[in-house]
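Two complexes, one shared chain (chain A), two partners (chain B, chain C).
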Partner chain A sequence: MTLAYDFQWSFIWENHSLLLQALWRTLEISLIAIAGSAVIGIVLGAARAARIPVVSQLTAVYVEVIRNTPILVQIFFIFFALPEIGITLPQFTAAWFSLMLWGGAFSVENFRAGFEAVPHEYREAGLALGFSRLRTFIHVTLPIGGRIALPASINTFSSVLKNSAIVGPAVAYGELTHTSFRILEATGRTFEIFFVLGVFYLVLVWSLSALIRLLEARLALPEEAR
Partner chain B sequence: MLAFLPSWVDPVAEYMFKEGLKLTLQIAAVAVAGSAVVGIVLGTLLTIRWWPLRAVIRVYVEIWRGLPIIVTIFLIFFALPTLGIKLDAWLAGAIGLALWGSAQVAEATRGAVQSIPSEQHEAAAALGFGWAGRHVFVIVPQASRRLMPPLVSLLVNVIQNTTLVLLIGVGELLATGQRETETLQAPPPIGVGDAHALAIYGAVAIVFFVISFPLTRLAAYLERRLV
Partner chain C sequence: MKRVLVATIVAALAGGGFAAWSVAAPAGGATPTAKLPPLPAAIKQAKRWRIGVKCDTPPFGYIDLEGHNAGYDIQIAQWFSRFAFGRANRVTFTCVTTASRIPALTSGKIDLIIATMTFTHARAQTIDFSSPYYVATGRLLVPKSSSLRVGGALAGKTITTTGGSIYDRWVTKCFKNTKLLLFQSPTLALAALKDGRADGEMFDDSFVLGVATSDPDLKLTPDHFLRGPWGIGIVKGNKAMKKWVDSRLAILKRQNQFLKILKRNVNPTLFDAFKNNVPTPKRTLKYPATEEDELACG
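== the complex of A and B ==
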């Protein structure tokens, strides 16, 4: 059997500047969102673990709403429904903001579990040494609990990166996936474009998880601290 | 139906439920069934000694877990037809979801099967079961208890990710909502000339929440019961 389709790959080089720009945009919105969701996760996760009244309950609502609704619905809500009440976000902002909002909710759960896994004797020792509650958190709970939360965060952060492929086409922001449709319209090389797109994401996702695993190994607690 | 609501609501809600929600549930059912069957078989095979087969399955798992689901769906829907394989859009979506889901289930199954003590294998072998019989009748049924929480979480994830097929033009719940939003925005007599995106997307979010929330609670409950 011979394939009637004649594969051509030259369009990749011809469009390399467009592809590189798209790659940069994917990285940009993903990294902003990952950094933002780590901050949200640490701050609100600490509030959940410490059971700070009101903040803790509001955080629980935020987490449940995000975890139990599809990210595409969240994106539509932010990009198409918010303008109705006067909030219009540019595509770039809507893209990283919706990714961050999603990743933040999952990070809260990761970090809450991490902080709650720190033995309470450690915290009590910190307080007994005269550290304030905030100082105890920064010097005791965060370094230990943050490490415990790292493996779960690998999944969350690589999901944020993967979800950028949903946000792009949804709000027409020219990251990798949306750009591949533009190249498709211009060249018609359907198979090659989606093949290349897949390779790009696999390389990105696998490098990101390798990077975080490396970080995890570097940060591993010395055995006696456990 | 509900007299206190504005008159545009009734036909919109009817269309979204009868067409959209039906397709959402249909895609989710096919994808979850496919994920469970393929995932449990592959996950069990991941525990065998013969490494070449393990390597092949490992590649399958890492690829479909590493790709964004939407890119997998685009590959199936847009790229496969150039190789002569053409599928209905909803089916392409369901298969894309099942490839991702089966990779998740395979990983969970491997862990669950490995958690069964070796005495169970030995006892079953002593009773004359071969590898297949041992796993089908003795090991996997015991592992299934541990498999329940990840399967329920998978169900939630698959239901939510069915919305992605909107991007290949399938009229599931969110897509029917989008169509209605655009129609309503048109001036009369086609629409009402008003924007109702907030109400419609809000309603879509609530429907997904009402379906997903009890399931995430159930998954957490099953998880707690295991420990």
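== the complex of A and C ==
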């Protein structure tokens, strides 16, 4: 059997405008989803940490449902099942929304843990100074707990970016993986296309992690910087 | 004397049984002819085929109610097993998708692709194709109330199909103002059509005919486009394999087996719509000569 594979890279260049558009779309849905999941994580994580009735329990249900079901099932539910009850999200919206929903659930846990790690004396000090509970959160718990939650968040956010590879093909949104499958199907150049795809993701995820680490270093608590 | 008689009867029965078995077995397998190309050594050694088939595309490749692989493509694979080993069950089926079938072959996971694969010149650069064993025609599936037709009316409309398929490339090339919604399987594209995300689904008649027959909300437009012959995928440059496959397909064609296999697999009400799609002793299918012919507009 001959398995001589003759490498051809020219078709990558022939499809470069399609690939660049796909790269942009991957960035777009991932960044919207990451920003959204950070907001969800901070707000609902705070509600969990402060044990706000009803909101806290509902959040727990949301987190358990998302964390204990495969993301593909969530995506198919949002894209193909919701239209049955009259909610038809366009591909772009369905793509970032399902990513955000997934990332949000994991972020809730990251931030809850971060906020709960803030020594309660700090919060009591805030309250003793006459701050309201909200202002204590904004000025004391969030700055400290948020930093504690950052390393775990790097994981979650890079997973959001990587999961865009599952979302795109599932909802027919032409991001990197969807576009690569399309080029692969038309050309059959397996090795080249997956190699290029891998390099794209490596650079993307690595850059994202580096950015957040930079942020982490800038925000390091004074006692850790010493 | 008695003993001799018994022995004679036993021998006669055994001989008769053997003769009957020979008749029942296919011509190519049980009575090897010197002229036919031999089975490639790797397959002979493995003592079975590993064949990539579709598992979600009735009536060509699907999983039946008992959980077995079934369909037109599967029965062709079973003929290959008979030709090679004298019985139908010496074949391990691997479910492949449109996106995974060529990688599965080139990475050596399967020996052949028999999975509704349309010949294209681009694919033929990566793998070899057998002679054609079926020809699909493109059809447009639309909601019952739709008046959409293939042509200028597609401008501004959304068409769903599978990514990288000939329909994807054809619409991209010939209908520049048509939006595409590209999924990895025709079944997902169908779900999107039913959700109202697209105005029509373009796909092989093999898939959409069955859908249009069973779904009262959908219909096929009268348009026929992109007649695309299917071939069996073979590792690039494996000449011994290609010779073996082509010679056995020629036997099936001569015996008119393709029509018989088709008849066993398609819904009787749809048989007439399918029957001109298979090779017969009198009908030889041909691949498009150039890349231009493959996706000719209009």
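In this section, the second predicted complex is superposed on the first by the 219 of 226 C-alpha atoms of A that agree within 3 Å, B and C clash if a C-alpha of one lies under 4 Å from a C-alpha of the other, contacts with A are read in each partner's own complex, and residues count from 1 in each chain.
By definition in this document, contacts are C-beta pairs under 8 Å (C-beta built on N, C-alpha and C of every residue); 3 or more make two chains touch, one makes a residue touch a chain.
Source: prediction; values computed, not measured.
Undergrad: With everything superposed onto chain A, say whether chain B and chain C fit together or clash.
TA: Here the two partners, once superposed via chain A, clash with each other.
Undergrad: Can A:169 be said to touch chain B (first), chain C (second), both, or neither?
TA: both
Undergrad: Could you look at A:80 and tell me whether it touches chain B, chain C, both or neither (first, second, both, neither)?
TA: both
Undergrad: Looking at the overlay, what does A:88 touch: chain B (first), chain C (second), both, or neither?
TA: second
Undergrad: Have a look at where A:72 lands relative to chain B and chain C in the superposition and call it first, second, both or neither.
TA: first
Undergrad: Between chain B and chain C, whom does A:64 touch in the aligned arrangement: first, second, both, or neither?
TA: A:64: touches chain B, not chain C.
Undergrad: Quick one: is A:205 in contact with chain B, with chain C, with both, or with neither? Answer first, second, both or neither.
TA: first
Undergrad: After lining up the shared chain so the two structures overlap, which partner does A:190 touch, if you call chain B first and chain C second: first, second, both or neither?
TA: The answer is both, since A:190 touches chain B and chain C.
Undergrad: Per the overlay, which chain contacts more chain A residues, chain B or chain C?
TA: B
Undergrad: Once chain A of both complexes is superposed, is A:177 in touch with chain B (first), chain C (second), both, or neither?
TA: first
Undergrad: Based on the superposition described at the top, state which of 9-17, 27-35, 45-53 or 81-89 belonging to chain B clashes with chain C.
TA: Comparing the options 9-17, 27-35, 45-53 or 81-89, the clashing one for chain B against chain C is 81-89.
Undergrad: Mind sorting out which residues of chain A both chain B and chain C touch, each in its own complex?
TA: Residues common to the chain A contacts of chain C and of chain B are 3-5, 80, 83-84, 169-170, 184, 190, listed in rising order.
Undergrad: How about chain B: which of its residues touch chain A in the complex?
TA: Of all residues in chain B, those touching chain A are 62-63, 66-72, 74-75, 78-79, 81-84, 156, 160-164, 166-167, 174, 178, 181, 195, 197-198, 200-202, 204-205, 208-209, 212-213, 216.
Undergrad: Quick check on the complex: what are the chain C residues that touch chain A?
TA: 40, 42, 98-99, 102-103, 106-108, 120, 122-123, 125-127, 160, 162-165, 168-169, 181-184, 188, 191-192, 195-197, 235-238
Undergrad: Can you list the residues on chain A that touch chain B in the complex?
TA: 3-5, 64-65, 67-74, 76-77, 80-85, 162-166, 169-170, 177, 184, 190-191, 193-195, 197-198, 201-202, 205-206
Undergrad: Under the touch definition given earlier, write down the residues of chain A that touch chain C in their complex.
TA: Going through chain A, the ones touching chain C are 1-5, 8, 80, 83-84, 88, 91, 169-170, 172, 174, 178, 181-190.
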